[in-house]
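One chain, subunit A, appears in both complexes that follow, with subunit B as partner in the first and subunit C in the second.
Up next is the complex of A and B:
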């Protein structure tokens, strides 16, 4: 396969390798890693062996939405199953294949942005090591009604580098779901993923990442979203699995009328740690962004939210909102919030809010009075609390899938005891 | 004594734009007449020199030397703060100046040029009757100190920190450097090494001062950093309000001001610390302020920052006793060439402690205002509450504002909320007021005053009047 890779790509990989080696590892005191557990960055399995796993078993476990428009199953970055029924002109291929067949298109968009939220070193590592992923290109005036879903399985003490590159043309529409899972519950894997999302003029791009790895695995996910004139991007992250996950989400609003929704639901338990950094970058005037992150914390878990709204000079008439809410379910959980604003423009309406609180005794009492046991009542309230972000997906099938993963997590918490 | 400089400065001021009027009130200086001068730059010899002049006890000298080592070992915190800090050249600053005079007890003994300074700053003589005591700082030593007799009778101590550490060591020493340890940050270490001036106040058990205590600080030597050190101890059940206001003459090279203020409110005590900061726009104002609130005690910081080139100030409260309360009310106004980097730090260290932060900032022209906050609630506690609100108002299209709060909550028996908003004066509002005969500038001033009105009311009356006037002046010429 290596022989067929385009020259530009191998050159990029080589220079990324040098960049990875020369970039210092984040350390304590780095503002972008404030409150973070730097120890999680000691990666032992970078050169670990991948395990084979039973393909047919994984394929049968790869259920997603009803009637997907396309479905891919990857095991350790290799395709083990794929089926598509997409409109003509749509390119939807594993990245390795796209590099061969649509080298120019990939080159135009592949990792064009500098990582600014702390993980530049790991973005370089991803660039140097990426082998596969998904490339989606929607031509102008084409709408894909159903969802493209991608199942990423990891097996063995190894590292995978899944890449998702989505480009929508003028007035087009697409929705892609990535689901990250481990083949078994006990092997610690590492995922260093990267998503490049380009919403072209007047288009609609929805991207959903469901992270349900086993609780000994780790993940770094870097996402670069660019939203052009009059287009709408919607990015959703669900974190239920992994021992440690770091999400860095950058959203650039690059044309008047652009709108970006950034949504997330995280439900950590035990010792899980979710570290989320976001950046709403208003480059152009008359743009709109809205962020809602909801965390429900159990056990000894910890969340970090660091968000920044940045409004460029001359990006007037900006509306930007940022809300992070933490629901604390135990005595030992810890929520850190750093909602930030940097405003350089005029005629701007921006706000951010962050709250941390527990469920009020009155609410539990109310449900108990209606015959619901306290444990169940708490679960019910927590579920309802998460749903607010899920509902903003505005697509029933997708919402159902996300809720399925949320309910699985809640039932695991109920069994595992809190 | 010639007042040549003064006169020309005043004449100059008359011809200047109205916006500069208030600034130039402090824009004069007297011939320097310093008996002691520690020279330029900072070495351990400078520290020894200061200790010698001040006749420090050995433990203070040792404290200073340790602090110097800490200062030298700490990096400039540009990993999170503005790189403007790199423009401070510590070798081009004089760390100690004094005319070596003893603090004065009566107005008659104060040198005439100092009295003149106070006149220009607008401390009316008759205010003495109103104020419980005046201690004004001219350069690094207090040149005037007056306390009403009845306060002394009640056992209230209001002296310079130098006097405090010598005459009242048994009260002073146990708390000195305890609320803000030397190593807290680079600039608190610097202050600990070279501090001079500042106040020491002790309010005995159950004494409630009805009138505020007040001190004015002035910087009057070019490139001379002022490093005052204030310690206020309110014993059980006592109450005090302390007011600090400052103006500084304009200089051509940047000056450094780095104070450390420690407050200790023992069981049930209440301390309010009011600051109006109006340094000239070449001053680096890097201040560490923190209060310790024991059981049922309350510490309130009421803070207003209008002047300076760069202010970095995050008043904090450590709520160490059950039921303690901390509050920061802050107003910041950043005009072109200014960066107001202010905020609050609330450390909850006992059950059922509550804290409140309300911050309003206004950015005019190319001014930049920043809110940085920290709220920390550890997990072994219960019933802690924090409320944080920060609102920013942008006046011009190139004004800038940033907000960087950090909130850590552990455990599920607490409640925190944080809200921030950025907005500007709406066209409709201005139009409405112009309809009623105000010009655009007046309308803008009125809108801005409305924005901060609820906070201005927290200031003592004479300050709030002064504040409104200051804001009007700052706003002039900013629109149109």
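Up next is the complex of A and C:
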């Protein structure tokens, strides 16, 4: 990744650097940063030192689904382990390598969209700084049954810029899981990640991001999903770690019959803050999008959900749903929801709703009447609450992996005695 | 045989004993106005009574529901006062309440729910034997004619009324309590479902177990034969007798309770 970067890429990095510098930092009062803690955007570790870490330790901790189709382990954006057993024709390479070997293919898809949900400055920073990530290209009529799994470790008070670019050809299928973790529990790292997801015609693209960083780290994750005619994209986010995480998820439905599922489970505790902005953009008629975000808040934590469904003028027969549900486990947590609709077409079925609730005494009573202690009863109910979104992954191994991270979080909460 | 069991139970105070129990709603309205009732191990008692008589409240107070404040009297189990015990402690000690309206628990499978309940009875660090657990669960589900798919379904979510009641009995069979309180387990059941539920309850009859059936209708008692029948009205037990009392109530209706001779 040193000398042979294509010219188009270096040119884009240079212009992105200028754009980053000229774009103002978000400030209080910006609509797209409403309720957000702007102080989190003071990044002291942009030029921080990366730490080396014990590779074999990290590799052994990089467990994911049973029998992955491919498995990559990154430490601070450098590959430390990889193994693949993928069908012929599938390209699945570290981005740095793909830039050398498949420069044209990468160029066709790399960061084509203007960032619209508030983090244009950080998208530019990512573009200017990105060194690596994963490039996945599935040829037409090729199905990858097992999961491509990517472990991203960050070590040191540094910043990483992991990029995930997935392109599915006609009638193809793939599932990719990114897992973001810190090498230790006490070093504050910063991750500015970007995901470009292109579901080609009649294809199926599943993308799962598991954010389980240590609780002093921060993350910005920007995702651009494009779903073509008769294809189905499914994007899932799990937030258990980080002091602060901001997810901006854009989903464009760009052909009749396109379907997009946008799913998320967040379980913040202590002072953790998860800020999620979404955009369901119905460009074509006869498209369908379904968003379900479920937050379970403990301690003094805070969530922000701001979602917009936008239906273009000619996008008739759109079905669009948006649901954000918050389960408040303490009196001190704070859930903010800002759902929105913008409809410019006819015969559209749209609904959006958000709720915030505590567990009802009656529910606890039922579990307690079976001998289950109140704390455990609350946790069983909270876990069950998250499962609705997890089950929509429709893949047992993936669901099991996501639940493993959810259970780890709940056991930390139980020990923390919140 | 029952005779011997009785005397043994009495000697060891093996009973659920409710003594002059008073309980009120948070707003001060008194619902139970001095209930006294002893259910010895080995016996089945039934409480009948009109709506609003306090039957369901009694079951909830025994389980320690926090909407009702006990204001006087006490409840002992095998001689031990349980008044200070929490809901889950009472359950683990051996009291089971089959709910009239069982709650749904989204995202928690039936198998995991019952397992968590059993696990709560074990000392820390000790785990349920999974193989033995499923064997026992399936046996009981077969008896209650429940499809195996119920193990994976979320607790009571989308269950019909009858399925929920069967699920309560399944939990009761799995937890193997000393004292079972069934709150209108027969309501909302068709005759076939009622027979299945009764089969489960009858299978649990044991010299070591006491049962209290709370019901509105005599019909349930055709399938589960009680040893004693009590009539509750306005927060008190106003009449007690044998199984024939249920038939008398069925025939005459609850109005006959209002006759002064009964007071």
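FYI, the second predicted complex is superposed on the first by the 417 of 418 C-alpha atoms of A that agree within 3 Å, B and C clash if a C-alpha of one lies under 4 Å from a C-alpha of the other, contacts with A are read in each partner's own complex, and residues count from 1 in each chain.
Operating definition for what follows: contacts are C-beta pairs under 8 Å (C-beta built on N, C-alpha and C of every residue); 3 or more make two chains touch, one makes a residue touch a chain.
Keep in mind that what you see is a predicted model, and the values were worked out from it rather than measured.
Asker: Consider subunit A as the common anchor and indicate whether subunit B and subunit C clash or fit when overlaid.
Answerer: fit
Asker: In the superposed arrangement, does A:357 touch subunit B (first), subunit C (second), both or neither?
Answerer: In the superposed model, A:357 contacts subunit B only, not subunit C.
Asker: Would you please give the vertex angle at the Cα centre of subunit A, with arms pointing to the Cα centres of subunit B and subunit C, as a multiple of 10°?
Answerer: 80
Asker: Between subunit B (first) and subunit C (second), which does A:373 come into contact with in this model arrangement: first, second, both, or neither?
Answerer: Touch status of A:373: second partner only.
Asker: For A:387, using the defined touch cut-off, is the partner it touches subunit B, subunit C, both, or neither? Pick first, second, both or neither.
Answerer: second
Asker: If we overlay the two complexes on their shared chain A, which of subunit B and subunit C does A:289 touch? Say first, second, both or neither.
Answerer: neither
Asker: Who does A:365 touch here: subunit B (first), subunit C (second), both, or neither?
Answerer: Second partner only, subunit C.
Asker: For A:211, using the defined touch cut-off, is the partner it touches subunit B, subunit C, both, or neither? Pick first, second, both or neither.
Answerer: Neither partner.
Asker: Which partner does A:158 contact after superposing on A: first (subunit B), second (subunit C), both, neither?
Answerer: neither
Asker: Quick one: subunit B or subunit C, who's touching more of subunit A?
Answerer: Tallying touched residues of subunit A, the top partner is B.
Asker: Scan A:34 for contacts with subunit B and subunit C and give back first, second, both or neither.
Answerer: A:34: touches subunit B, not subunit C.
Asker: Once you lay one complex on the other using chain A, what is the shortest C-alpha distance from subunit B to subunit C, in Å?
Answerer: Between subunit B and subunit C, the minimum C-alpha distance equals 16 Å.
Asker: If I apply the document's touch criterion, which positions on subunit A are contacted by subunit B in one structure and by subunit C in the other?
Answerer: none
Asker: Could you pull out which subunit C residues touch subunit A in their complex?
Answerer: Per the stated touch rule, the residues are 63, 65-67, 86-88, 91-92, 96-97, 99, 102-103, 105-108, 112-114, 116-117, 120-121, 154, 171, 175.
Asker: Going by the contact rule at the top, pick out the subunit B residues touching subunit A in the complex.
Answerer: Counting only subunit B, the residues touching subunit A are 79-80, 379, 392, 394, 396-424.
Asker: Hey, which residues of subunit A end up touching subunit B in the complex?
Answerer: 29-31, 34-35, 313-314, 316, 326, 328-358
Asker: In their shared complex, at which residues does subunit A touch subunit C?
Answerer: Contacts found on subunit A: 361-363, 365-374, 376-377, 380-381, 383-388.
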